[in-house]
Each structure stands twice: as C-alpha cells, then as structure tokens.
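Have a look at this one.
Chain nomenclature is as follows: A, B, C and D, assigned in order of appearance, with residue numbering initiated at 1 for each chain independently.
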Amino acid sequence: MEGVFNYAPAIAVFPLVAFVVALAFGNYLPKKGAIPGIIATGGSLLLSALMLAAVASGEVYHETLYEWAIGDATSATDVTGIEFTFGILIDPLAALMLVIVSLVAFLVHVFSLGYMNAEGETGLPRYYAGLGLFTFSMLAFVYADNLLMAFMFFELVGLCSFLLIGFWFRTKSAPSAAKKAFLVTRFGDYFFLVGVVAIAATFGTLQFAGDDSFVAAAQTAIDDGTTLFGFDAQTWVTITGLLVLGGVLGKSAQFPFHTWLPDAMEGPTTVSALIHAATMVAAGVYLVARMFGYYALSPTALAIIAFVGGFTALFAATMGVVKDDIKQVLAYSTISQYGYMMLGLGVGGYVAGVFHLMNHAFFKALLFLGAGSVIVLMHHEQDMWKMGGLKEKAPVTYWTFLAGALALAGIIPFSGFWSKDEILYDAFIVGLEEPIILAAYAMGLVAVFFTGFYTFRMVFLTFHGEPRSDAAEDPHPIGWSIKAPLIVLGVLAVVAGAANLAPVYKLTGLEFTFLESWLDGEYGAIEGVTYGAYAELAHYDSGFIGTEETTVLIAAGLSLLLAFSGAGAAWKLYNVPEPVVYRDRLGRIGDVVEANYYQDEYQVWLAEGLTLPLSRAADRFDQTAIDGAVDGVSTASLFGSDRMKRLQTGIVTNYAALIVTGFIVLLLVLGYAGGWFI
Amino acid sequence: MTVAIEYYVLLSMALFCIGLFGILTRRNALMFLMSVELMLNAANINLIAFAFYHGNLTGQVFGLFVMALAAAEVAVGLGIILVLYRNFRDVDVTVPTTMRW
Amino acid sequence: MVLVELPEWAALAPMLLLAGTALALFVIDSISPRSTNRTILAGTATAGSLAALAVAVWFTAAGVGAPGMDGFGVIELFDGQLIVDQMALYFMIVVAVVTALVSVASYDYMEGHAYQAEYYSLVMLAATGMATMAAANSLVTIFIALELASLPSYALVSILKDNRGSVEAGLKYFLVGALSSAIFVYGISLVYGATGFLQLDAIAVELEALAAGDGGDFGGLLGLGILMLIGGFAFKTASVPFHFWAPEAYEGAPAPISAFLSSASKAAGFVIAFRVFTTAFPLDVTTELIGVDWTVAFVILAVVTMTVGNFAAATQDNVKRMLAYSSIGHAGYALIGLAGLGAGSETVMGAAMMHLLVYGFMNTGAFLFVGLAEHWGVGRTFEDYNGLAKQAPIACAALAVFMFSLAGIPPFGGFFSKYFLFTGAIEAGLLVVAAALVVNSALSLYYYARLVKAVWIDDPVVERDSLSQPTGLYAAIVFAAVMTVVLLPGFGPVVDTALDAAAVVVA
Amino acid sequence: MMIEALIGVALIGALVTFLAPNRIAGKLAFAISLIPAALSLWMFATFDGSGNALLGGELAFESQAEWIQFGAYAISWFVGLDGISLPLVVLTTILVSLAIVSSWTPIDDRESQFYGLVLFIEANLIGVFVALDFFLWFIFWEAVLIPMYLLIGIWGGPRRKYAAIKFFVYTNVASLLMFGAFIALVFGLGDAVTSFALPEITAAMLDGGPDGFFGVGGTTLMSAVFVAMFIGFAVKVPVVPFHTWLPDAHVEAPTPASVLLAGILLKMGTYALLRFNFTMFPTDVIEPFVVPIAVIAVISVIYGAMLALAQTDLKRIVAYSSVSSMGYVILGLIAFTQFGVGGATFQMVSHGLISGLMFMAVGVIYNATHTRMVTDMSGMADRMPVAVGILIAGAFGYMGLPLMSGFAAEYFIFFGAFGSEFLEYAPIFTALAMFGIVVVAGYLLFAMQRAVFGPYNLETDYDVRRAPLHDVAPMFVLLGLIIALGVAPDLIFEMITDAVDPILEGGEL
C-alpha cells in the first residue's frame, strides 16, 4: 500500500486541472465544465479512499515535496535557518477529512448538474472553475503538513468562497455578501497570519508533526522555562495560539465573526452546501484539531475555545429560530453546530469534535442539498411560509431531508446524536470541575433545545401542512442528479454515527469506538499527533456524578430530553395544516433576535460608521494639511517672486538710484569690515 | 608749490558725486549723458594727478584713451537718443517703461 | 610644430580673425551698400567666427599658453598689455562659438531688415572686443576692450529702430552702461592712484611691495577702487546690483543679440574679472592692505544675484524676460568661481569657466529658440508658446534640452557644471553659497519646467498654421542642443582644459 | 558590454521612435522594446554574480571606464549587476514592453513622441539599477524624471499640468537634498575615497566612516546625511508625509505612465534606500533612527490604506495603496534581517508587477467607460468579463493572496520584521503594519463591489464592449508572472538573499 502515497498530490491536483479546464474551455464543453469537475473530484474521492485504506493498513505519509523559500533566520528558540515548504501529511485525521471533503465535493458537483445546468444558469464555466479551485484549495489545506501551507490554502479557500458567493454578481446583494464574507474572514486571518509569523519567528519551524514540529518545540520551551519575546513560554504559546484562533473563528463563523455566514447564503445553494456548511467552514475547526497538540499546551486557550464554542452554539441557535428563509435557518444552524465542535475541542474532546465535524459534514451537506432541491421544487422560492405540503410531492427529498433533520436535532440514533452527545458529555465532566466550562456546557445544552425547535419548525413548514403558494402546489420536477446525492448523504446521516458509539462503550463495554481508535493511532499515526498524546498534554480534571455510567446517562438523557422537547414544541406549533406566525408574541426579545442581536449593525457601523468617516477625515487632512503644506511652499515662493520682480520698475532713473544704493550698501559692508572709515 | 595729492582726489570725488547726482535727478537723456561725462572726467583728474604723483606717464596716456572712448560713447549715446525721440517723441529717460517687472 | 615658426603676435589670431571679419564686412558693405545678400553677410560672419573658433581650438590643443614641457608657455604681447594663455584661448572659444551660432541664426532672424551689413559687422566688432577682453592684461586694455564690446552692443540692442522695445532696451542698456563704465574708470583711477601701475602683474608686484613695507596710506582708496572695479564687472556680467539693464535689454533686443549678450558678453565679463582678481590683487596681500577679503564681496554678490535672478524669473509671463532673469541667476552661479577663490584652489574657478562654456550653448540655444518664435511671429508670452511642439517637435525638443540643462538636471551638460560649482563652493567652505545654489536650483526647476510645459503640454490658445523651418535658426538651435547633450558624456576634456587654464592663472 | 547594449538599444530606439511616423510608432516601439527584454532575460538566465555589488560581491556583466576627473574624486562609467538589481532590471524591461502594448488603445495623439519617451525612460530606469558610480546613478536617476514629466503632462488627464509640475519639482527637490547630503558625505570621507564608485565609498563608510566635515564630527555628519538621504528617497518611495505628489501624478498620468510610475519609479526610491541608507551606513548610525523609521513605515501602511479607503477614483485607490505597500518595504528594510530586506526587495518586484497589472486593468476599463469613478459605474463584469476578471485577480494579488507574489513578499517581510533584533518592539510594529492586509481588502473589495459587480450601469453612456486582445494580453503576462513568483519565489528570492546577506554581515562590522 505504501506506493499509493506517491499519488497523494494528485488528490489536490485533479480539481486544479478541472479548474483550469473549466475556466479556459468551459464554454466549449458539453456541460460547461461540469464533466471535468465530476471526473476530477471523483478521482480525488477514489484516491482519498485509497489513502484512508492505506492509513487503515497502518501507514502514514509525511513528506516535504517542495521548498517554497528557505533562508537564514535565527528563531527566538535559537533554531538557525528556516524552511518554508509545501508538504503532505496524511495521518488518520487528514485521511478522514480528505474523504469527507472529496466526497461532498463530488456529490455537490453531481448535484450541480441538476441544480445549475438544468436551470439554465449562465456563467457556468466560472461556477465550475470556482468549485474546482475550491476543492483543490480545500484538499491541499487538509493535508498540508505545516502551518504556512495551511494558511495559504486557508486563504485561497476564502477567495473561492468570495467568488462563489458572488456568483450572481449582477444582483446587488450577492457581491455585498461576498465582500462581507471575505472581509470578516480576512479580519480573522489577520490574526492567523500574525500567529503564523509569530510561531515561525519563535520556533523556526511550522511543521505540524514530527520531532521538528512547532508543537514539540513549544513543549520543549515550556519545559525549559524559556522566555520568548518577553513572555514566559506558556503565555507566549497561549498568545500565538489565540492569534491563530482568530483565523479559526473567522472561517468557522464563530462569535463575533459569524455575521458573514448567513449573508453567504446569497450564493448558489450548492455552494452553501459544499463551502459554507460541509467543508470550508469546517476548515477552522479542522485547523484546531490539526494543531491540537499546540492548544493542548495552553489551558487558557482551550478554555477560550470552549467558551466561545458554547456561546456561539446557543447564540446562533436562538437566531435560527426566527428565520423564515430555509437557507438562513440552515446557516444559523451551521454556526451553532460549529460552536459545538469548538466546545468539544476546547474541553479536550478531540475525538468528539472531529466526530461531530464528520457527521455534520454529511448531514449539513444533506440538508443544504435538500434545501437546494426544495428551492428547485419551489421555482427558486426560499421563504418557508410559501411552502408546505411538499412531503407527498417530493418523497425522496422529504425523507432524506428528514434524516438530516433528525441528525441535526440530535435525535437518537441518528448520527448527530452520537457526536453531539459525546461533546456535551465531555464538556459536562470537565465542567463539573471548571466553572467556566460548566457555563459553556450549559449554553451548549440549552442550544440543543433550540436546535430541535428550529430544525423541526423548518421541516414542518416546508414539507407538512397545506401548500401555501402556487409553486408549492405544482413543484418543478427534479432529476436523478439531485436525488442521487441526497440518497447517498441521507444514508450517511443515518449511519455515520456508528463510527463512534462512545456511550455504548461506556455503558456496555462494547468496542464501538472506531473513530477514537482511528484517531488514537491504533491503525497508524504519526507520533505526537494522536488523541492519546493530546490527552496527556491537556490536563483537564474531570468529575462524575456518581459513576461514569450514571454521568453518561444523565448527560445523554438531558440532551435527548431537550432535543425532543424542542422538536415537540415545533410539532405543536407548526405541524398543522395552516401554521401561523408567532413572532409577535416574543415582543422585544423577538425584535432583538430577529435583528440578529444587532451584530451586523455594529459591524457595519465599525466599517461604515467609524472606519469610513475616519478615512474621509484622513483624506481631508491629507488634502489640506499635508498637501497644503506642499502647495504652501510653492505659493510662498511665487509670492516672493512676485515681490522680487517689482524691483524692476522700468524707470531707468530708479535703476541708477538702486545701483548706487546697492553699491553703497556693499561699500558700507566691506568698508566696515575693512576698517576704511576709521 | 605742489598741491597735495589729497586735494586732487577730493576734487575728483566731488566731481564724481556731482555727476552721480545729475544722473539720479535729471530726466533728460542729454543731461544724463553730460553727467556721465562729468564722472568720466573726475576719473581723468585722478589719473592725471596720480600720474604726476607717481611720476609715470601711464595715467596721462590712459586719460587720453578715456577721453576718446567718452567721445565714442557719446556718439553712440546720441544715436540712441535720436531713435528714442523718434519712437517716444521725448528724450525723458523715465518715459520708456513698456518693459518692467 | 608649425606654431613655433609663427611670430608671437600670431597667438592673437582668433581675435585678429574676428576683427578682420568685421573689416571684411565693412568692405562688402562699401562695395555693395545696402546689401541685403544675407548669404554673403551671414556667411562671412559665420566663416570668420568659425575660423576664429578653429584657430582657438587648435591653439588650445597644441598647447599654446600652457606652461610646462609640451606647452609653448604663456605668451605676453606689447609689454604685457595683452596676454595669451589657456584662459584667454578658452574664453575666445566661448566667444567664437556663441558668435558663430548667433551669426548663423541671424541669417533667418534678420531677414528683411535694413542695415544687415552693419548688423553683422557690429556683431563681429563686439566679438572682437570680447575676445580682446579675454586676452587683456592691463586695466587700460581691459577698459578699451570692454568699451569695444559695449559700444557695438548698445547699437545692436537698439538696431530695430522702429521697435519701441528695442529702442527702450538700447537706451536703458546704454544709460546703465555709461554709468557703470564711469564708475569702472573711476575705480581704475583709484587703483592707479594707490599703486601707480595699470598693468596687472605690475599692480600685484607693487601691492606686495606695499604690503611688505608700511602698507601705504591708500588702503581705503585701493579698497574703494577695487569695489568700483567690481561694479564694472558686475555690469558686464549682469550681476546685482548692476543687473537692472539686463531684463529690459534682453527682452527688447533682437533675440540673437540677447543670446549674444547673455552668453558671450557675460563670459567676457567674467574673464576680465577672473584675470584682474587673480593676477592683480593676490588675495593675501590685498587683504592685508585693504583689511578685508575681497571674496566676501563676491560671496554677497553671488548669493544675492542668484536669488534675485531666480526669484524674479519664477513668475514672468514673457519668455524672453524669464530667460533674462535666469541669465542673471546664472551670473550668480558663475560668481561662485570668484567667491570660492578664498580657499586658494583653482577648481572652483575652473568650474565657473566650465559653466560659462556650457552656458554658452544652452543659453544661446534658448534665446535662439525665442528668436525662432519671433521669426514665426507666435508671440512673446508663455501662453503664446503653448503647444508649439505639435508643429515643431524638433526645435521644441531642443528647447526642452536647454531648459533642463539650465535647470541643472541630468542628463545634460548643465548638470555637471552646476555640480562642479556646488562642490567648489563646498570645498571652499562656502556652505551658505552652496545652500543658496541648491535652493535656487530648486526654484529654477519650476520656471524652466513651465516653459517646457507650455510648448509640450499646453494646448494652443489660438489655432496656428504650420510653422516654417528656417534653416539657419534650426541649424544653430539643433547644434546647440546637440552640444548641450554631448557635453555630458564628453565633459572630460572640458574639465581638463578649464582646470588647467584656471590653475595657471590662480598660481 | 551587455548592459551597454541594453541601455544603448533603448536609447537609440527612443530616438528612432521619436522620429518615426505616428502610425507605426506603437508597433515599432514594442518591437524595439523586445530586444532589451530578451537581453535582460538572457542575462537573468546566465547570471553568474554573487554577493552584494557594494560589498565586494562578484558582479555580473560588469564594465568600467574612466570618465571625468574633477577635484579629488573621479567619476566613471561603472555598471554591473548583482542579485538585487538584476530582478529589477528584468522587471523594468518586461514592464516597459507590456506598458507599450497597453498604450496602443489609449494613446491616439503624438504617438511617436509618446513611445520615444517611454523607451527613453526605459534606458534611464535600467541605468538607475545598474549604475555603480554615484554620478552615473544620479544622472540616470534624474533623467527618469524628464520623460515622466512629459508623459504625465502631455498625455495625462484634466489636471495633468498641476500634477506633472508637482511631481517634477517635488521629486527633484528631494533629489537635490539627497544629492547635497551625499556629496557632503563624500567630502567628509576625504582621502579615504578617490572616486564616486559606490563600492569604494561603501568600504570607506564601513571602515570608520568620515572624520568630519566643517567642524561637524564624523558620526554627526553620518547621522545628518542618513536623515537627509532618507528624506530624499522617502519622497520618491513615497513615504507619508511626503506622498502627496503620488496620487495626483497617478491619477492624471496616462495608463502606461501610471504602470511605469507605480511599477518601477517607486522602486527606485526603495532600491536607493536599500543601496545607500541601509548598505552604506554602519548599523550604529542607523540605530537611533530605527524606531522612528518603523513608525513612519507603519503610518505609511495604515494611513495610506485609510486614504485609499476614502477614494472613489479607481486610480486614486491604487495610488494610495501603493503608498501603503511601500510602507511594507520600509518596514522590511529597517528590520535588517535576511527575510526583511530580502522580502522588501522581493516586494519591490512583486508590487511592480501587481500595481502594473492593476493600473492596466483600470486603464482598460477607463478606455471603455471614460470614467474611473466607482460611483459612475457598476456591473462592469457584465460587459468586460475578461478585463474585470483580471482586475479581480490583480486586486487579490494586491491583498496578498497566497500563491501570488504579493503574499510571498509580504510574508517574507512580516516574518523578517517580526523576529528582528535590530528593531525594538518588532513584533508590535509588525503586527500593526500587518493590519494593512485587512484594510487593503476592505477598500479594494468595496471598490470592486461598487464598480464591477451589481447590475450593469454606466453614467457616461459609452458603448462598452469587450477589450481587444492587445489590451488584455499584457495583463495575462503579468498575471502569469505574479503567480509564478507566488508559487516559486525562489526564482528570484535566492538571488536576492545572496546579495542581501553581505549587507547584514557588513552591518555587523
């Protein structure tokens, strides 16, 4: 199996080729670039699966392939010389993620045939090129073996997101959303880049894994008690870790950088599925997982991750409750779900976080594609209040969507339940010792209720009841290219949870924890980047209520209870033939939530109310003060010149007088100096 | 009896200043020319007096040159004053002020 | 070498050739009075000045006036009344070049004028006077040569007898000139009184004797005399405060004459100043006698002159007047050559000499362009010049070369000479002067660039028909421009010549 | 003789083009400009120099000839290339060729003069980068201004006259200051040097420096000269607060002139800073100014970006962003590390390519719309997909998108600056300057959103069509180069660091 890794670069290169082909020749191709995209992502999927198999057979791949730039620079830890390279790191985590990404990408490409081509969109080569470039960047990001390479593709992913959100650039809203998405994530990436630079300057390496990784170097520095940039090593690791976290918060749309994601729904739904739900947004969380060893060195950073995650989970979930647009609901649910993952990682639940990442990728891609299907059905209507009654008319869409919804809501035994429950459990046991984690846990727990509520509100409004518009009465037919991906994902949403049935293991001792073993390197891994290694680094105290079993039961019971009550509330309110709007009953709170807690307002104010006037003031200052000084010099000179030339009166007698005066002045000066008058 | 050299110098200086005064106050071009002549002659007085004082003839010879050149200068000057009159109908030197500043 | 066999007076050949040409022109005039055969007249004048130029260059190359092994030594004539050394030849070259350019350009400029023969012969006479100034070595010959140069100049300035500007210019030039020459002669008489000699070397010897003795009673008298001499030079070089004639004279005179006066006449004024102050008034003994370093006077004059010239030039509307003021500014730059002599190094004077040579090309060229514009009849102000480049790109390219060179911007000859003046000033410790040079250069950029802007950038105010291409003017302008450009890479020989010449005089 | 050929071809080409008929001038100039481009690429391929030109490195294509001996110091023709100057020469030749092609559409008046001047400017720009004698360098340095003055003045926009003369006088005054300071320095060195050859002067400077001059001590003199030269070059770069000529010049200049102005002329300033201020002066002279210069750099970055944010004229936006980008270069230089200085040099090349691309793209849009105001247009992507596509690519390059050269440059600078031991509080300065990458994204994206996206609308009522091939082809070339350098910075970075290393070692003497 070893030789298979030689083909690893092709995983990313295939989509890149598809990008070039689509961009250059897309207009001349039968499906405007879809075919190369499908072939390329299919190829990537196949290769990724091979990688997965190779890793499963106990092999890993960590190879530097290309030297980007090398130079001499002495780091703060006295490492001389630095190499910025491109390399590939395929370990269990990366292999898993590669499969997820290429699978979703492949399915989305297929789905696009029905969603974009069949709908007669223009500019399709651009669309497929964007998808290709995105897939390339994302895959390269996933198996990047160092932080710089990760950053670079992280940024490229952002570019693709910009391009695809703004696909319908002739509208006003799409370009605006694209800009916002890029800007907000860019703001986060600013911190990320500072972090990259800081880590490089500190440890002289940016490798994720191996002996010469910055994680190992940081651990050494902490152990040696080195002072770095005027801080003790621990603090410095926290600072740099948090800087990198800035990028994570931006990409994964965590509070306070979450505002771009709902707007990003302006893009085609397929794009939302691929980028803004399943993969790119996952990049942030993936990055935390990728360099978990580093965060594990800093309890402060972990606590912040956990708290932000928990807060975001609740915060976004409440906003999801009041949305009318099906994609908006999904957008807020995405934010919320990534909050869970952050929470999981923050409390040291590495496996739980990755597990949820995987499950979420499947079920959220499913939901988005389902929503896309609904939108096709509804002739591009997205307001749920105009839907209803689609259940009978589109059974495939309905049942797959329902599977996804159940997973999202965390209803046992769908996949979402297992991973979310594991996260909450991990948070719970740590929270019993750490008040701040407990708070984060509590927020995550409350969010479960809202999740259940908004999920089923969405399902009921869309599929149940009576059709509330002409479009809903007579939906547009959908083809196989839409149905097939839904079915694949639907199945995954149902069964993916089986990868790690941690509660089952804890209660019964049955070894249903494949993912944990996988990530712990039982099949093959690189030393130091396994769950086991992380668990040693991150020393969280954890407590139990009674025994471990009771704690598991309490935690699972609590979350299930809340999920069911949320779903039930939705059932009660919306599973009626003619649902009504309950917004008004929420009063002021409703207004605030409806307005997304004024998050957009203050961020827009920051940009347009503060920065823009500030820049205008700077411009005025520049024009008047600085440029005025420049022009002033010239004005003064010309004024002087004007005075000077008035000496020349034109009257020759004056000249004679002036000559004599000048001569006498000269005479006096020299005579005085020479003592002629004494 | 010889007159001390200082007196010649004072005389010539006085003459020079008179000429200068004339230049500064007279507006008639001819008067202007005459004043210049006065100044040149002031120089001549000096030259001759010093030639005598130093006992060489250089100064006296140069005085002759100066006179000759003064004559030439006047000739050119008169020509210019003539065309001045033709163009401006006046020999007032303060009248032509078409070019200034 | 052939030269050895020539009699000593042959060293004056350039000057004699110019004088001969003047006489030849008179002959032509008397054979065919009122002749307007421009080809013969301008041709004779050009040929004469070119011959003078050729001889002067040949002499320089052959080493006439150069002391040492290869040279023929400094040739003194008529008991030292005239002297032919490298400096004399150098300035004869400058004068001859400018005369040649002016003669060629006048071929077109004077088209249709009466008194052409007189015009050319006056030019040649004035040139003779200037060449004589270069060789004059006694206050007598200096004064005579000066007048020989001045008197034809007065006539030349006012030669457009029906043009009020020309007449007014002539009048002002003449009146200020008369006043200045009176002051100058009086200065000579005082110097004579203090020393008893008029020959420059003899004055120096006498001064040394006086300084070695009791110092004499004439310190103040001598000082006043020297100051008055400075006045005379200042007039000739258009330096403050004797510059008042210049703007009007240059503006009113026919453009070739303006070129002639502002380049050749100025250079001639400088050569006598250089010679008198280096030969007759050695710095140390003179300082001892009059109690003050005469370079101080030149420092003041240099700074004031360049400042007045450049500032007044900056806001002119009339192109010729702007050039006139710029010419005053350049006189200020060249004065650094004298102001910096205090350091006892010849380099600064050499730099001034180089500047005057380059200036001979660039300034002459600039005035000739004005002549061309007058020939076209486009008007006199900057606005009138607007957009000329569209019709006459080559002449305007040349103008741009002149302007940028005058401003001292690379890659033209003016840059080097200005730089050498700058270093000279610094070497001599005249930081104030160096600073003034920089400030004024900066200001001058503005108005020089403004003229380039007018012809190249601005759109014409009125529609113009296509413009003629007068051969003579074009030839002169293009030649001047080419020389201005070539003098950048080819500055080496000029540097060597000028420095050698200066070294001999200063030593 | 290669360098002479390079300059000579451009000079003769300039003359030939100047005299050629307008009709063929554009094509002719392009054909001629290909010769230096090919030559320089050949030189790039066969480059065999090593080390720094001023610090005794092995020069490539060196040639030397006596010129003028005045006073104690000889002036000579002395040219040669090292790893810093060669990339800039190649940049120049390529950018000029492309700029000529991009002029075919917009320039429709007095073409032969226009292209003649462009070739003339090329000769001088090459000269600036190859000259190793101060005088020779200064001549080229100044000679660049004249054609640029005319290019802006004749073919520029409505306020071209003001802009041209401001550019001309402002930069010239700065040059005078710098020139005077340098001459004072050389005089201060006294007998230690016998010529204006920069390597000789550098050696003397690092070997004790001047004794003093006019009663001013050696150290004081060096400090004063350092400051004066810094200001002189800062105007050229330009650095806040000496930047105000730049937006005017850029906005009014015709597209190709903007390309050259931003692409190469600004690099002259930073190149000179590197060559003079940061190579010649011993570190203890620079030391007191490190923090002030870093402050200026950070202000340039942020303030420049803020100004760009306030603009609605596309060209003005790019112009101010140049101020911002040049701030990075200053930061990299003052960091005094291999990556800092090397990155700064890399940024010179990179920014040359990117800003050239941006100006071309804006120019193509302007050709079609006759307006550059973002408020006057929207949805241009609808009508000019290719040109707008490249504009977007260029904008992202400007924002420092990875795998494009801008990112490599900025990353090198940031990395080099962050760990600088020379600069106090380096991490803070770096982090502050890095915030520029957010603001740059802000103003470029705002402008994009308004001008090229959204429903199609144009206030000027011109019929907008797709740009012709010869308008977009140069941009493709630039884009290709930008990506090539972004993917493989070592194409030139290796060469640059080789020449930069001696500076850092020399500084530690």
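Note that a contact is a pair of C-beta atoms (placed from the backbone, for glycine too) under 8 Å apart; a residue touches a chain by one contact, two chains touch by 3 or more.
A quick note: this is a predicted structure, and the numbers were derived from the prediction, not measured.
Trainee: Between A-B and A-D, which chain pair shares more contacting C-beta pairs?
Mentor: Counting C-beta pairs in contact for A-B and A-D gives the edge to A-D.
Trainee: CA centre of subunit A versus CA centre of subunit B: separation in Å?
Mentor: 97
Trainee: Give, as an integer number of Å, the spacing between the C-alpha centres of subunit D and subunit B.
Mentor: Whole-Å distance between the two chain centres: 64.
Trainee: When the C-alpha atoms of subunit A and subunit D are each averaged to a single point, how far apart are the two points in Å?
Mentor: 37
Trainee: I'd like to verify one number: the distance from the centre of subunit A to the centre of subunit C, where each centre is the average of its C-alpha atoms, in whole angstrom.
Mentor: Their C-alpha centroids are separated by 78 Å.
Trainee: Return the residues of subunit D touching two or more other chains; collapse runs of consecutive numbers into ranges.
Mentor: 169
Trainee: Which residues belonging to subunit A are in contact with no fewer than two other chains?
Mentor: Each of 634, 645, 648, 650, 652, 656 in subunit A touches at least two other chains.
Trainee: Going by the contact rule already set, what residues in subunit B reach two or more other chains?
Mentor: Answer for subunit B, listing residues that touch two or more other chains: 23, 93, 96-100.
Trainee: Taking the top-of-page definition of touch, could you list the pairs of chains it picks out?
Mentor: A-B, A-C, A-D, B-C, C-D
Trainee: Under the touch definition given earlier, write down the residues of subunit D that touch subunit A in their complex.
Mentor: Contact set of subunit D toward subunit A: 166, 169-170, 240-241, 243-245, 303, 306-311, 337-339, 342, 379, 381-382, 396, 399, 401-403, 407-408, 411-412, 414-416, 418-419, 427, 430-431, 434-435, 437-439, 441-442, 445-446, 448-449, 452-456, 488-490, 493, 497, 501.
Trainee: List the residues on subunit A that touch subunit B in their complex, please.
Mentor: 645-646, 648-653, 656-657, 660
Trainee: Give the list of subunit C residues in touch with subunit A in this complex.
Mentor: 171-172, 175-176, 179-180, 183, 219-220, 223-224, 227, 230-231, 240-242, 244-245, 247-248, 290-292, 294, 296-297, 300-301, 308, 311-316, 325, 443, 446
Trainee: If you look only at subunit C, which of its residues touch subunit B in the complex?
Mentor: 139-140, 143-144, 147, 151, 154-155, 158, 161-165, 167-172, 174-175, 178-179, 181-183, 185-186, 188-190, 192-193, 196-198, 221, 247-248, 251-252, 321
Trainee: In the complex formed with subunit C, which residues of subunit D make contact?
Mentor: Counting only subunit D, the residues touching subunit C are 18, 66-71, 110, 113, 124, 138-143, 145-146, 149-150, 153-154, 160-161, 164-165, 168-169, 172-173, 176-177, 180, 183-184, 187, 214.
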